[in-house]
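Okay, so chain A shows up in both of these, paired with chain B first and chain C after.
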Partner chain A sequence: MTAAPSTPNTGLFSRTGPPGSRATWLWGVIGILLLLLLWEGYKAIGPEAGVVLGDTRLLPRTSDLAMPHTWDMVTRLFEGETQARNASPLWVTVVSASAFTLGIAAAGWLAGVVVGVGLALVMLRWKIAEWALLPWIVLSQTVPIIAFAPVVRSWGAQLELGPIQWEGWMSVALIASWLAFFPIAVGALKGLQSPETAHVELMHTYSVGWWTTLLRLRLPAAVPYLLAALRLGAANAVIGAVVAEISTGQRGGIGRLLIQFAGQASSDPAKAWGPIFGAVALGLVAAGSVAMLGVILSKYRRTEEK
Partner chain B sequence: MSTPHTTSPAREQSPPAGDSAPAVAAAHIEKIFPTSGGEVHALSDISLSVRPGEFVSLIGPSGCGKSTLMRLIADLDQPSSGELQVFGKDARQARRDQDYGIAFQKAGLLPWRTVSDNIGLPLQLHGVSSAQRKARVQGLLEMVSLEDFGDHHPDQLSGGMQQRVAIARSLAEKPRLLLMDEPFGALDEMTRERMQTELLRICTETGASVVFVTHSIPEAVYLSDRVVVMSPRPGRISEVVDMELEDPAARGDDLREDASYFRMITAVREALHGGAPSGRGVETR
Partner chain C sequence: MNQKITHHARRRLMAAGAIGSMTLLAACGGDSEGGGGGEDELTPVSLQLQWLPQGQFAGYFAAQELGYFEDEGLEVEILESGGDIVPQDALGNGEVDYAIAWVPKVLETMEATGVELTNIAQTFQRSGTLQVSWADSDIESVADFEGKRIGSWGFGNEWEIFAAMAEEDLDASTVEIITQDFNMNAFLEGDIDAAQAMTYNEYAQLLQSTDPDTGELYTEDDFTVIEYEETGGAMLQDAIWADTERLESDEEYAETTVAFLRAVIRGWIAAAETPEEAAEFTMNAGSGWDQPHELWMVNETNKLIWPAEEGFGVINEQAWDDTVAGAMAAVNEQGASPISEEPSDSAWSNEYIEQALADLEGEDLDLTGENWEPTEVTFDEAAATE
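Right, the complex of A and B next:
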């Protein structure tokens, strides 16, 4: 009859231990170091022309053009974006483009949350809606966004929403939400359906209605599922935004920068890596923000058992 | 969040006859479950009356329908035919009026709520003000001896403590009827005996009637005024055994070593085994 002190799992990376523990960060750093070692190691010992078997290239060329030194990539970030005397450092360009894309991805993510949770509620309320909607929701994700991104843009350009002018970034956000809503809808539905029969029957014995059961039982019980779904949704929104920027030709974001600098890679190979780092950081910031949400909602991640 | 029809205590709305009406009155209840493999006759011709303040146990082998009967009383299921009244009302109305509290074998606490918030859940759902709720929860914590654990979460408690929280929750709205489906089934024997004694004390304090489902003969005998022995396929009442023991309020651990206690255990055991000779009814499935 003693109360054991509990350590609820509330970490940024909840699977591996307590929040932000030194071990977690250490493993992260070790991972990055290993990656660097692999890159530079292969570059040092690998053949200049790469490894080719028949017509298939198994390993890339190790020339500075194909694989710039990691330190070159980093130092390039602090040099001017262009040769011009008044050019700002590359990292400034990358960060501002990343922030632009992050904003669009966030808007898409929010729209995805609203649509995804809304769909989950409808499917929870009416079983027949689940049968009717779920196949379409799955099907929606099989449409390649590269194919329909230009369509969304041209349709959007013809839209007139009263005083609001449809702008290019809205098309990008719409496509990001298209990718984001799917895991959220599926995860939210699973979470809302997760309470045990005993709990649902208990609410029935209290004679409370559907909405009260939703608020007091189903939503809190869905939090662990929702957090995972929101994180997946955030990652999808970022990918969606970057790809949509590229395929709709949206300027100002990291997607455009990726293409633009890749085109300059033959003369300035390290430069192309700037926006790649930006895109990686973007994904980390997006997933990390959702993880912070998990810390705030940690009490809903408890289970009845020890 | 307000539910007007329940903000005032439900008891005031019950008809005047409510106080004299039996807590549970079942007449010729039948329950048939349609399944893919044909109909399952779960309950057959169940007639039973539970007086106010009476402790009645339902005992019998698995499949005898004792839990089903309790679920009918709780309006978690409806009888196929027959009449079932709880405090002179139909079961649905009794549920709406919150005339009963219920506890299951699994404590069924909400893991994200503290012990206090779990006990106060039914009060919160029915719009009781937070000050009143706090006072009531404090009293209930004392009743189940968990004063120091109000701020703990369920995962920090042992199984016995979780079950005490569930019992406190079932008592939150001062129900006149407690429905308990093997609430101590998952506990070890020592905890179980202590919980039984506590339950008797709580029942004496609150004066509530209890319908208690169990498959432990000693448990049924120790707790009950009457033990209803049921037999399976179809589930029916084979015998009702009156417990000729001292007053429940005075029962303590010494009763467990008393000759009258063993006599009653023997009586219930014989009713159980005599009521269902081997081989009978096996062919139905």
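Right, the complex of A and C next:
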């Protein structure tokens, strides 16, 4: 990072432009256009049966069933979800389902942050806890969601929490948090341990307590690590929420739409792509929201590479 | 099976870490339905379906929407599946009170896990499974499967195929079993020679798809259809299952079961009489299908239920025995069978459905469907092109 506060003239190829500048947006648009071009280009010149090597399919078929035209997929979004006269446009269905899933993913992410940071603090405080917990934290991520989801739902259904009734979305959020807490715990621990020994010892010589050291030295130093971890956690929470919705049979979200419309893909191939776009947008919104956190915490991001 | 072991290991592992986030989540979910009690005390009952809400389950939704459950003093929660939720597991674990599931699948689970469930009503009197091939292919019967790529969804939906093949002395290793997706694309694209299809869903999907060569919808003439009902592999499908132990020990549950079945009978009679309305109910329940497809589904489902010679849901002993025999004869490509011995006598009982039918005897209800007539559903171009 240079001393200059900002470079005034950001050219197309400059990497230092602030996020949100016109150049960044332009690159985004160019990226999408390239993708469209690639899709339609392959569809136009690729073999109808796709490219198959031995038994392995390398490139997909180019039929309208497998690869609908991009414009068909887009126009489909503006047609009714079903043929019914009162059906809302497909994009409305997709957006509201995405919002539902985003809410669950956010709850899962928050739970993941609390558990992840909590575990990191415990592991920071007691070395023995780090030895004892870290292998389990890593191991926890090897449990496949499809095996784990019905157990969570079954468990939740039998749970009595006083006046609070366990609801389906909580199972989904729990699974989302299960995937989210892992990068956060690992990243937070790494960040909290990142201050140089000299700095920690300096705090020692000032006879500053553990908590103050944490607050004044370790937490600020952890911010760059934490931001990356939170972003990973957000992506995981979204994936976890979508997959868990499918696994547990939760309706209302993008996961349900994905399988529901996949089932209709023979007669309405373009419709199945609606929720896929929704899922992509969902991921972008989640990542974007965490990026905003980064803007708020920007004064702690000195050590981060820009 | 060994899946069970890991299941338990996972459960323990999970419990170790999840408690923290669990309580936190529960704290977030403060907005649970605020009581609602006080009024007439309805008995809460939960019913686990085996797939997404769709016409296959129209009668249960009709019973819900028309207030038949409530009339019986029940507050029924209909739970959808559509993922990794296995109805008989949910019932066996005590998560739900009743479940809808195919008979061979439940037999398989009961033998593998030792859980005890009872078939209390055989909603579908006949099998709705088809194997569909192109009309110009040389597959006209199960015997022609040899050397072909045969599609199946797996997860216990495949046993009729293997039972029918066993009947023809065809070994499972003589065919290539290809796992099918949620739609018929693999068949339409030529990856599968004969695809598994339910009369009420996937077959309709084919008839709603556009033939790229003509630009028009496929018709029934484009396909050759093998009905498993006509083969030796036919097995009983959608049945209502209850917890055996609770039926025996819990008098209230046994009473609730009869009340529940009375409402279900009324629901399916309503679906038979007014299929359009039943299609509407399932769409309201979130099926996501077009009306023509949903109506087709209700109509075809009705054909599997009605007529029911001895009354709705009464289990035909011969059909049960045939299903058991088929399940014992079926051997998949890995050499496994769903069951190796006959299930216990408690696996089915006509006691509750017969009681429910007797209770409804005096009313003006067609309990056997003898006067029922299917409707004609067709798909037109307009409904498909988009």
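In this section, the second predicted complex is superposed on the first by the 285 of 306 C-alpha atoms of A that agree within 3 Å, B and C clash if a C-alpha of one lies under 4 Å from a C-alpha of the other, contacts with A are read in each partner's own complex, and residues count from 1 in each chain.
Assume contacts are C-beta pairs under 8 Å (C-beta built on N, C-alpha and C of every residue); 3 or more make two chains touch, one makes a residue touch a chain.
These numbers were taken from a predicted model, which means no experiment stands behind them.
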Worksheet item: What is the contact status of A:Glu79 with respect to chain B (first) and chain C (second): first, second, both, or neither?
Response: second
Worksheet item: Which partner does A:Arg216 contact after superposing on A: first (chain B), second (chain C), both, neither?
Response: first
Worksheet item: Is A:Ile296 contacted by the first partner chain B, the second partner chain C, both or neither?
Response: neither
Discussion item. Tell me which partner touches more residues of chain A in the superposed arrangement, chain B or chain C.
Written reply: C
Item to complete: Considering only the touch criterion stated at the top, classify A:Glu196 as touching first (chain B), second (chain C), both, or neither.
Response: first
Worksheet item: So, does A:Thr205 touch the first partner chain B, the second partner chain C, both, or neither?
Response: first
Practice prompt. Examine A:Leu58 and indicate which partner it touches, taking first as chain B and second as chain C; both and neither are also allowed.
Written response: neither
Worksheet, complete the sentence: The residues of chain B that touch chain A in their complex are 1, 3, 6, 74-76, 95-96, 98, 100, 102, 104, 106-112, 121-122, 124-126, 149, 152-158, 160-162
Practice prompt. Using the touch definition up top, name the residues of chain C that touch chain A in the complex.
Written response: 6-7, 10-11, 13-14, 16-18, 20-30, 32-33, 52, 79-86, 89-90, 93-96, 181-185, 188-189, 205-206, 208-210, 212, 283, 286, 288-293, 382-384, 386
Worksheet item: In the complex of these two chains, what residues of chain A are touching chain B?
Response: 1-6, 8, 196, 198-199, 201-208, 212, 216-217, 220-221, 223, 299-306
Worksheet item: How about chain A: which of its residues touch chain C in the complex?
Response: 61, 63-66, 76, 79, 81-84, 107-108, 110-112, 114-115, 118, 136-137, 139-140, 143, 146-155, 157-158, 161, 163-167, 169-170, 173-174, 177-178, 181, 245-249, 251, 256-257, 259-269
